[in-house]
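Structures are listed in the sections that come next.
First chain A sits with chain B, and in the next complex the same chain sits with chain C.
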Partner chain A sequence: MAIRIALAGNPNCGKTTLFNLLTGTHQYVGNWPGVTVEKKEGKLKKHTDVKVTDLPGIYSLSPYTPEEVVARNYLTEEKPEVILNIVDGSHIERNLYLTTQLLELGIPVVVAVNMMDIVRKSGDKIKTAELSKLLGCPVVEISALKNQGTDKAIEECMKAAEGAKPVPQHTFSGPVEHAIAHIEEAVLHDRPEQQQRWYAIKLFERDEKIIEKLGISEETLKHIEEDIKKAETEMDDDAESIITNARYEYIGTLMKKCYHKKNSKALTVSDKIDKVVTNRILALPIFVIVMFLVYSLVMMPVPMPWGDSLGTIMTDWANDGVFGDEGWYLFGIGQGDYDTAMDEYAEKNIWTNEFKADIDKAVKADALGAEDISGAIEDGSFSDFDEAYGTYSSSLEEYFTENNIEYTFTDIYDEATGEDAQELPEKASYGVFVKSIPALLEPAFENAPSWLHGLVFDGIIGGVGAVLGFVPQMLLLFLFLAFLEGCGYMARIAFVLDRVFRRFGLSGKSFIPMLVGSGCGVPGIMASRTIESQRDRRMTIMTTTFIPCGAKMPIIALLTAALFGGAWWVAPSAYFLGVAAIIISGIMLKKTKMFAGDPAPFVMELPAYHLPTVGSILRSMWERGWSFIKKAGTIILISSVLIWLGNTLGWNDGVFGYYEEFGDDGLSILNAIGNAICWIFAPLGFGEATATVATIMGLVAKEEVVGVFGVLDFKGLAPLAGYSFLAFNLLCAPCFAAIGAIKREMNSAKWTLFAVGYQCIFAYATALMIYQFGLLFTGSVNIIGLIAAILVLGIICFMVFRPTPKSHKLKASTA
Partner chain B sequence: MMPLSLADMGEEKIIMKVGGSPEVRKHLETLGFVSGCPVSIVNTFGGNIIVNIKDTRVAVSRGMAQKIMLSD
Partner chain C sequence: MKTLRQAQVGQTVRVVKLHGEGALRRRMMDMGITKGTEIYIRKIAPLGDPVEVNIRGYELTLRKEDAGIVEIETEEN
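And then the complex of A and B:
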């Protein structure tokens, strides 16, 4: 029989574990319409005609969070055949609160007491047979983690779906029952009988969403209100609290009859861990150590004393191997042999005396990059040499031409590494060599027209590959996050950091999006979903991308090398800039109308510490990773094709068309746009076409900025203008993929526009101040620019230091 | 009556009243903070408090803890 089972339960009750167990791979993830609450559906592994819907984890069916509204709308409108209510046996009293509400819906309920293995181990006793009799619904014991009793639970669900509708066994006190009976009679007589009680109780609680939904007239409302008021006076409490208290009282009587707790006073293991982990003095150091470990393993952009971080190695492999020009060695087999062969070959054929003489000349003249190249030659390492040569050869060439010095080094290099070179070691003949995606596709496009070749290799593979290159590193990060989440530490991080983040209008839970965002903004923004308060979530989404992401690293690295002689402070200053931007934005925005009011108070359940299963960690990693791939993949595909078109279509000698290269008088569409709007950036110090084009390209993927620019073009920029350019590109609108993620999470075009607009304006203001105030030190002050910068600084100071406007405060506290 | 924020660590007290905005109070109630229910403080951190209520651990901010009144 085709039936639908809805899984309902508290957060952390093991619902998701059970869902995965029941459905295996037959599941799909989507969103509930209109809200960013995840919707998971699947089919039973053993009965594919049974559909299972995983409702969001909720504590009650009240109308206060989107999760609760989604869950109860589904239950009352879609009317699944049966509800499987998962109850955490180790926290049974609190968990049964939801059960009492579910039983009123007029849908058969099966209660599955989960974590029975833990309950038994601790010596506690739950008399499930007795509980079943008292609740008036089947109760089964299960352990989702150990896959015990789940078949029985499903069996009961199938039976219950066909059986009679349940009758709630709990009743409220006399005056309340009286009022409920009146309400049923007055407004609900035309509703299906089994739903009447649920609606009546909700109307008694003055649930606005239900009143609206049932379309009750003012007159009837007044009539009902009399009944409610009477009950309230008699009970000396407000209606909602009367019901809540009655539910807990009822659960209390259940507990007395069915539950036996061995000892309640002793501290649990989890409590003992908390004494250390959330200790007044130790909490922050422990947090810093954990984060440092994760960060140094996954993201560290600079090599540590013990080598590159695992994440960097994986990204290098993906970018240079899988999406590189040639390919990679499987498990590195053959890499060593090839390197040795190449070193020997280079010694003989490339690093000839003439070659070295040229480089020496350049070193003496202090030409950019010459030192790096000469250093690699001395070390005899071809791979280092090749990297340095690839980066700096064109700038060396320019140095020689400018100074009218004859040189031969490029010819030597080209001849020795060109196709006609004799004895050049071939990568594929060493070890186990796997061809990269471009190398695999190359033969297929050998005879293709050049535009098609360009579209596929430069447009599609180049653009999409640049983003997918981050996937391995992201998966590694998600793996760690899944573990920290699964074991319960993540909730403690939010708790410990809450007081810090509170000060600038964010929540303790904002930290995770920012940590993820230092890898990639797209999953970072998606991670903001765990923040319940809409205001905190919006603020987090808006500020997360201020943290330099992995794709911004190349920009920082390049500028550091080209304009600041590799100064150590540039990269940390970028992070500092990001953090400062978050703090200042937080404080400023908190005082605006949109974000006004006291922050939502921090109330959060801390799940007991436990070792998560490998399966659940891997699944969580993959779910996050896959949605990153999907999102980044599609948006980047479209935008990289567009950018490719902008780069290759244009005018050469006044004729419009497709060109592989543009002459001195030629102009690509992208450059034309750059020329047209570059004046915007003049006050920031980089009002020229290349920098503008680079900034536009940054919208596709931030590392594209480097691609457009190349080392050479920086020569036109003074270090100050370069830093201003860096600051602008770090803080302005993120790439299209991240903007797409903002749109999805904000779930509103207006808010997306506001977020992106704010980021751009903030970036512009910051870069303006850096450039104009910086000019003071170089002695070439621009009066108008300086006045503008002082004005901007003044406005920001005002926004930061002004007292919170009173009218906003009042409005928020009554809301 | 005394607020939860002033209670000593480890001592079990009974909740008398939960204050604050209706929204937050409702949320606390669904988490088990109802009058008559015993609570004890497991740990504190910078004014934020972890309590043991109905065998679960719930973290509440200092502001919230001031609005949860306990028996003496």
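And then the complex of A and C:
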């Protein structure tokens, strides 16, 4: 018989560990429909006809959180054959509270008391046989971590699935039972008998969701209300309290009979750790150190005195090695020798006196980028030189042609690095040189038509590769996140930072996504999964990408160099802009209808510290990484190909077709679109086709903005328009990869659209204000534009400073 | 009326009644803050809010503002 087992239990009770143990690799991870609650299903390792569903970790079956609603809907509608309720033996009192509710559902329940090893070690005693008798359901002792007793638990589940439906052993006081009986009789007689008690209790609690679901008429409701009122008067309390109190009182009697606590006042190890970690004085410094460690290892986009961060090294390897033009040295062996050889070669063959003379001329004339190139030559580093040369050589050429000065440096470079160059060091002779994916594929496409070559290399590998290149770094980050979460520190971060973040409608845990977002928005958005409250999570997802990520750095760097003469304040102002955008958005959004009606109580358990297992950390890391890779394979693939098509299809001399390059009169589809819609950006100061195309290309990857726009095009912009362009591109819709991540985490097309739409509108408003108010100082005021900017400022001020709309009674979650 | 908000760090207090309504109140009850429960105030976060309490053998954190709906009595009175 096909049996479905539902795993239910409190958060941190070891449910996920047990689930992984039972199902091994036969897992499916997804989302419950319409909510951002993770759904996990799997098949038993030993009985593949038994399906296990891992319900979200919950404390109760109330109608107020999406997790709880998802769980109770599954249990009442899908009616699994048996519930395996995992109970944390070290916090048994609170854990049994859920058990009392599960027992009322009319589904066989098996209670597995987990962490029995810890309980025994602390000297406490739980009499499980007695507990089983009192609860009226099987109770087994297990330790998921040490894989003890799990076979027995499954065995009991199989038995229970075929056995009789359970009858809850706990009863409420006389008046309540009286009311419940009345409710059953009045409205529930056509419901399955074993579910009647559950629904009756929920109706007694005035559970709005259940009332709605059962479609109870006003009249009957009034009738029931009389019964409830009567019980309430008699008990001198409200219905919800009566039920909750009764449950905990019942658990109290169970505890007396089955639980013996070794009375020790000694602090546990966890208590001792916590005394230090969330200490009033030490908490913040410790937090800063932990964050700095993680950040400098994983994300740091600029090299520290002791070298690049591990994450940067991994991304460089993936981007320049695996997806690069040539390949990489196995374990980096040979790279050093090759670099030295190249430095020597460059010294002799590239940086000749003529070459240096040209560069010196450019430096004296202050040509863009000349300083960078000459600096690299002085340092004698070919790799630095090559990077600078790649970026700025066209700018230098332009300078020489414009001023009618003869130059030879490009010829020298081309000759020395071309295919016919003698003595040019061969990469393969310095170590085990592994070819990159493009280099490996190249021979296969040698005779392919050029469009196919372009599609594969520029479209697919270029687009998807740019995104997959981040995977190693992301896995590293997820590893750290999984550890912080698993050991219990993540909850403390929320505890320490809650006060700061809640003012902006965010959670203390929003800090991590934003910090990570300064490296890459995609893992930043995915890190938001550690935030329990759906409202805070959505808000965090929407605002995380406002922080300039690593790919936006080149845009900032180039604009700073090209338009602001390398002014020191440009880069910090970009970060300031990002933070301000988050704060303003947070305050505005939390007052909107979409967020205001959905308050999230911050009443949170601080789990005991413990060392997570290596397996659980690796699994968590892989789950997140994999869900991202899947995205890259679908959404990102399609979008990259579309953008590639837009770039290569078009008109040359009036003939439509595929072209590798467009002449002066030619026009690609993307450029045509740019021409058609560039008027939109006119009020922001950059209403021209190139800037528009660059912005569109930014959707593939933000650094593409620089690629399309090029150093020289920036020169055409006035500094003010340039800054407006920068602001817009920093704040508007992120790249496809990040949009994919938003879609994945929001689990709703509507919310994804709202998030991206909001970002674009906010970016537009910001850039509009920057440009129009900026014009005031340059003296060329545009009256209509100025009025528009003042209007926008007024609207934002109103939305920030208006009082929070009275939220109509705290409503049940809409999930 | 004395509430959990006014309780001092290191004190053990007893819950008299939960005021307020809706999600917050229910959540507190679900987490075990019910009539007669003993609560030990463990500490206050470095920035002055929220507070950490020990209840029913585990650690719980809640904001001071929310703690205002929990009416308590101290051992002395």
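Here is the rule we go by: the second predicted complex is superposed on the first by the 697 of 815 C-alpha atoms of A that agree within 3 Å, B and C clash if a C-alpha of one lies under 4 Å from a C-alpha of the other, contacts with A are read in each partner's own complex, and residues count from 1 in each chain.
Criterion: contacts are C-beta pairs under 8 Å (C-beta built on N, C-alpha and C of every residue); 3 or more make two chains touch, one makes a residue touch a chain.
What you see is a predicted model, and the numbers here were worked out from it, not measured in a lab.
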First, second, both or neither for A:P443, with chain B first and chain C second: neither
Touching partner for A:G390 - first (chain B), second (chain C), both, neither: neither
First, second, both or neither for A:I281, with chain B first and chain C second: second
Residues of chain A contacting chain B in one complex and chain C in the other: 59-60, 62, 64, 90-94, 97, 240-241, 244-245, 248, 274, 278-280, 283, 495-496, 498-499, 502, 600-608, 813
Touching residues on chain A, where the partner in the complex is chain C: 59-60, 62, 64-65, 90-94, 97, 237, 240-241, 244-245, 248, 274, 278-281, 283-284, 494-500, 502, 599-608, 809-813
In the complex with chain A, residue positions of chain C that touch it: 18, 21-32, 34-35, 37, 43-50, 52, 56-63, 66
Chain A contact footprint on chain B (complex, rising order): 20-32, 34-37, 42-48, 50, 52-61, 63-64
Touching residues on chain A, where the partner in the complex is chain B: 59-60, 62, 64, 90-94, 97, 240-241, 244-245, 248-249, 261, 264, 267, 270-271, 274-275, 278-280, 283, 491, 495-496, 498-499, 502, 598, 600-608, 813
